[in-house]
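For reference, the structures are reproduced in the following blocks.
There are two complexes below, and they share chain A, which is joined by chain B in the first and by chain C in the second.
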Partner chain A sequence: MSVAELKERHVAASDTVNSLRERLKQKRASLLDTDVAGYARSQGKTPLTFGPTDLVCCRTLQGHTGKVYSLDWTSEKNRIVSASQDGRLIVWNALTSQKTHAIKLPCAWVMTCAFSPTGQSVACGGLDSACSIFNLNSLCDKDGNLPVSRTLNGHKGYVSSCQYVPDEDAHLITGSGDHTCVLWDITTGLRTSVFGGEFQSGRHTADVLSVSINQSNSRLFVSGSCDTTARLWDTRVASRAVRTFHGHEGDVNVVKFFPDGNRFGTGSDDGTCRLFDIRTGHQLQVYHQPHSDNDVPPVKTIAFSISGRLLFAGYTNGDCYVWDTLLAKVVLNLGSLQTSHEAQISCLGLSADGSALCTGSWDTNLKIWAFGGHRKII
Partner chain B sequence: MQSDGSETLSPTTQRLQSFSAADTRGKHRIHAELKRLEQETRFLEEELEQLEKMENASSACKEILKGAETKPDPLLPITHGPLNPFWDRWFEGPQDSKGCRCWIL
Partner chain C sequence: MDKQVEEANPSSSPARAREDGGGGGGGMALPVCFEDKARVGQFPTFIGKHKLAASISHLQNQIDIIQKELDELETIGESSIVCIDLIASVESTSDPLLPWTKGPGEVGWDRWFRGANNSRNHSRWI
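Presenting the complex of A and B:
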C-alpha cells in the first residue's frame, strides 16, 4: 500500500473513532436520568447544617519552612507524613503535635509523599523523576540524616503522586509527568507494570497528576491527568485502561476513591469536582458553586469523609468548601474561618477512623480539624 | 541514509534515494498509527455494546444514598451509631494547639 493510500485510511479511521466517541457521548447522556442531588431531593433528603463552630481547628502543626505540598495519614494511630518546598518530609504525631522525624531529601523538589500500610516507611517523589523510600526505623547517617533505603528509578518525567498498595509495604503506585502510572516492587526497585506506556491503548495523553487506589479492591486504581480525563486501571491488565472518564474541561488535578469503592471523586482546573461511577462510567454529579467575584478557581485537592456524606475540596483562592455530597450543596467554607490557613490549602486527608481532617497549606502549616459541636446519634 | 559509494552518485540521485528512505519511515509510522486507531475503534465499539445493557444513573445514586446514610461518621452533626469515644480524643489531653514549635533548620 502506498503512503497516500495509508494516509487516506488513516483519515477514515480517525473519522470512525471520532464518530464512535460522539455516539458514546450521546448514549451516555441518555442514561443520565438523574444525578445524585436530583435523586436525593426526590427521596426527601434534608440538607446538612453546620454551625460555624462545629468543625474546629484543634491542632496547628508548625515546623516546615516552605509550602506544604502533600500529606498522608498512617492507616492506624495518629501519624502524618508531610512534604514541603523546604525539601523535607516531616513525620508528626498529630495528637501530641510532636515531630518524630524530619527527613532531609536528596532532591528538594518534592511533590508527593505517602505512608506505608505498616507505618514503618514513607515514600516521596518529585522533579527528580524518582520515588525515594525511607525506613523510619533506620539509623541516621553521620550527618544526622535518615538514609534512602530504596530509590525507584524509571519514570521519564516528574513523580506527581504516589500511594502504597493497601496491606502491602512492598508495592506502590506512582503517577508521572511522563503520562504513565507505574506499579513498583520496592524490594527489588523494579517496575512490575507500566500503565499507559508508549505502545499501549487507552493511555493518558498528558501528565498524570494524581492516583488513588481502591481500598476494598486494591487491584483497581484511578488516575487523573492534564488530558482532562480520569482513567480506571486494573493492575492485572497494564495494556489498556479499563475505562476512561470524560467530562472535565481542564486538568484533573486530583482523584480520590469514594469510601464504598464503586465511585470516585475528581477535582479540576475547570473549578468543579465530579463524582463518577466505576462500573458504568457515568458522571453522577458535578459539584460547582460560584465563589466570590464570580471567580472560578481550580480545585487542587479533595477528600471524602468516612461515610462519603462530606466532600472536602481545596481551591487555589484559599477556599476549602465542605460539600454535602448527596445534595451537592456547600455546607461550610473552612477557608473563611478565623482559625483557617493564611494561604491556599494544597492537600487534604482524613485520619483512618474518619474523626479528623488534616489540611496542608502554602502558609507552611498543617491543621487538624475535628467535630466539636453537639453530635446526635440516630 | 547513504549507501557505500554514494559519492559516485549525482546529487539528484542522492536526494531521490533519501526521499524514498524517508517515505519508508513515514509509512511505518502511519501504519502503526493506523493500527492503533483500528484497535481504538474496536474498544469503542465494545464500550457502545456494553452501554446498550447498562443501568441508568439512578441505580448508582440509590446505592450512594444508602451507603452514605448508614455508616457512622464522626464529622457529621447527625450520624448513625455506635458512638466511638476515641472520636473525641482531639479535644482531650494537652490543649496547647501550638504543640512542638521547633523549626527544622
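Presenting the complex of A and C:
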C-alpha cells in the first residue's frame, strides 16, 4: 500500500473515531435522566445542616517543617503517616498526638505516602521516580535513620500516588508522571503489571496524578490524569482500561472510591468534583459552587465520609468544602473556620471507623476533626 | 508541586504533557540525513509507512473499544436507577460525622474528646 493510501486510511479512521466519540457522548447524555441531587430532591430527602460547633478541630499535629503533601491512616484506628516538603515521613498516634517515627527520606522530593494494611510498613514516592518502603519495626542505622527496606524502581517519571492493595502488605499500586500505573510485588521489588504501557489500549495520554483501589473488590482501581480522564482498571487485565470516564475539563488531580465500591469521586483543575458509576459509566453528579470573587480554584484532594453522605474537598484557595453528596450542597467550609489551617489543605483522609477526618496543609500542620455536637437518634 | 521543587530538580519535574507544545520552538536545523528527510516528509520511506500503519492500527483499536461501549449502552439503564441504589447504600451505613444516628452509636466514635483532655470545651483542642 502506498503512503498516500495509508494517509487516506488514517484520515478516514480518525474521522470514524471522532464521529463515534460524538455518538457515544450523545447516547450517554440521553441516559442521564436525572442526577443524584435531582433524584434525592424528588424523594424529599432531608437537607443536612451543621451547627457552628458540630465539626470540631480536636487535635493539631505539629512537627513537619515544610508543606504537608500527603497523608494516610492505618487500617486499625489511630495512626497516620504524613509526607512533607521537609523530606520526612512522620508517623503519628493521632489520639495522643505523639510522633512514633520521623523518617528522613533518601530523596527529599516526596509527593505521596501510604500505610500498609498491617500497619508495619509505610511507602512513599516522589520526584526520584521510585517508591521506597520502610519497615517500622526495623532498627535504625548508625545515624539514627530508619533504613529503606525495599526500593521499587521502574517508573520513568515521578511517582504521584501510591496505595497498598488491601489485606496484604505484599502489593502496592503506583501512579506516575510517565502516564502509567504499576502493580508491584514488594517482596521481589518487581513490577507484576503495567497499566497503560506503550502498546496498550485505553491508556492515559498524560501524567497520572492519583490512584484509588476499590476496598470491596481489590482487583479494581481507578486512576486520574492530566489527560482530563479517569480510568477504571482490572489488575487481571493490564492490557486495556475497563472503562474511561470523560467529563472533566482540566487535570484530574484526585480520585477516590466511594465507600460502597460501585462509584468513585474525582477532583479537578476545572474546579469541580464529580461522581461516576463504575458499572454503567454514568456521570451521576457534578459538585460545583462558585467561591468568593467568582474564583474557580482547582480541587486538589477529596475524601468521602464512611457512609458516603459527606464529600470533603480541598481547593487551592484554602477552602475545604463539606458537600452533602446526595443534595449536592455545600454544608460547611472547614477552611473558613477560625480553627482551620492557615494555608491550602493539600491532603485529606478519614480514619478507618469514619469517626475522624485528618487534614494536611501547606501550613506544615495536620489537624484532626471529629463530630462534637449532638447526634439525633432517628 | 511548588515552583522551588521543579526548579531544583528539573530532570524529573512533573511536566504536564498536555501543556507541552510538542514541536520545536525556534528555527529547525536543515535535514542532512535519510531519517531527517523522512521525518520532514521530503520523500516517503519505510519508516514513515510503518508509523502510519501502527497509528491506523491504534485508531482501529479505539474504534473497536468505542463501538463496544456503544453496544453496551443499548442495554444499561438510565442514571435514575443507579441513584436509587446509591441512596440506599448511603442511608444503610452509620456515619459518626453526621448529626444523626440510627442507634446509640459506637463508644469509640467520641474517643477524640476523651482522655486527659476530658472536656467538651473545644477551644482547648486548638
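Everything below uses one rule, namely that the second predicted complex is superposed on the first by the 378 of 378 C-alpha atoms of A that agree within 3 Å, B and C clash if a C-alpha of one lies under 4 Å from a C-alpha of the other, contacts with A are read in each partner's own complex, and residues count from 1 in each chain.
Quick note on the criterion: a residue touches a chain if its C-beta (ideal position, glycine included) is under 8 Å from a C-beta of that chain, and two chains touch if they have at least 3 such contacts.
Here the structure is a predicted model, which is why all the values come from computation and not from measurement.
Annotation: superposed three-chain arrangement on chain A; chain B versus chain C shows a clash.
Contacts of A:S307 after superposition: both chain B and chain C are touched. Of the two partner chains, both chain B and chain C are touched by A:R9. By the touch criterion defined above, A:I377 reaches both chain B and chain C. Within the superposed three-chain model, A:L24 lies in touch with chain B and with chain C [touch as defined at top]. When the two complexes are overlaid on their common chain A, residue A:L61 makes contact with chain B while staying clear of chain C. Contact with chain B, but none with chain C, is seen for A:S97 once the two complexes are overlaid on the shared chain. Applying the stated contact rule after C-alpha superposition, one finds that A:D86 touches chain B and leaves chain C untouched.
Common to the chain B-facing and chain C-facing surfaces of chain A are residues 3, 6-7, 9-10, 13-14, 16-17, 20-21, 23-24, 27-28, 31-36, 39-40, 43, 45, 48-50, 54-60, 95-96, 201-202, 240, 243, 259-260, 262-263, 277, 279-282, 284, 305-310, 325-326, 353-357, 368, 370-378. Across the interface of their complex, chain C is touched by residues 1-3, 6-7, 9-10, 13-14, 16-17, 20-21, 23-24, 27-28, 31-36, 39-40, 43, 45, 48-51, 53-60, 67, 77, 85, 95-96, 109, 111, 127-129, 157-158, 160, 177, 179, 201-202, 205-207, 226-228, 240, 243, 251, 259-260, 262-263, 277, 279-282, 284, 305-310, 325-326, 339, 353-357, 368, 370-378 of chain A.
Interface of chain A with chain B (complex): residues 3, 6-7, 9-10, 13-14, 16-17, 20-21, 23-24, 27-28, 31-36, 38-40, 43, 45, 48-50, 54-65, 78, 86, 88, 90, 95-99, 102, 201-202, 240, 243, 258-260, 262-263, 275, 277, 279-282, 284, 305-310, 325-326, 353-357, 368, 370-378. Residues 1-2, 5, 8-9, 12-18, 44, 48-49, 52-53, 55-56, 58-63, 65-67, 69-70, 73, 76-80, 82-87, 89-91, 93-106, 108-113, 115, 120, 122, 125-126 of chain C are the ones that touch chain A when the two sit in their complex. Touching chain A in their complex are the following residues of chain B: 23, 26-27, 30-31, 33-34, 36-41, 43-45, 47-48, 51-52, 54-58, 60-65, 67-84, 86-91, 93-94, 96-104.
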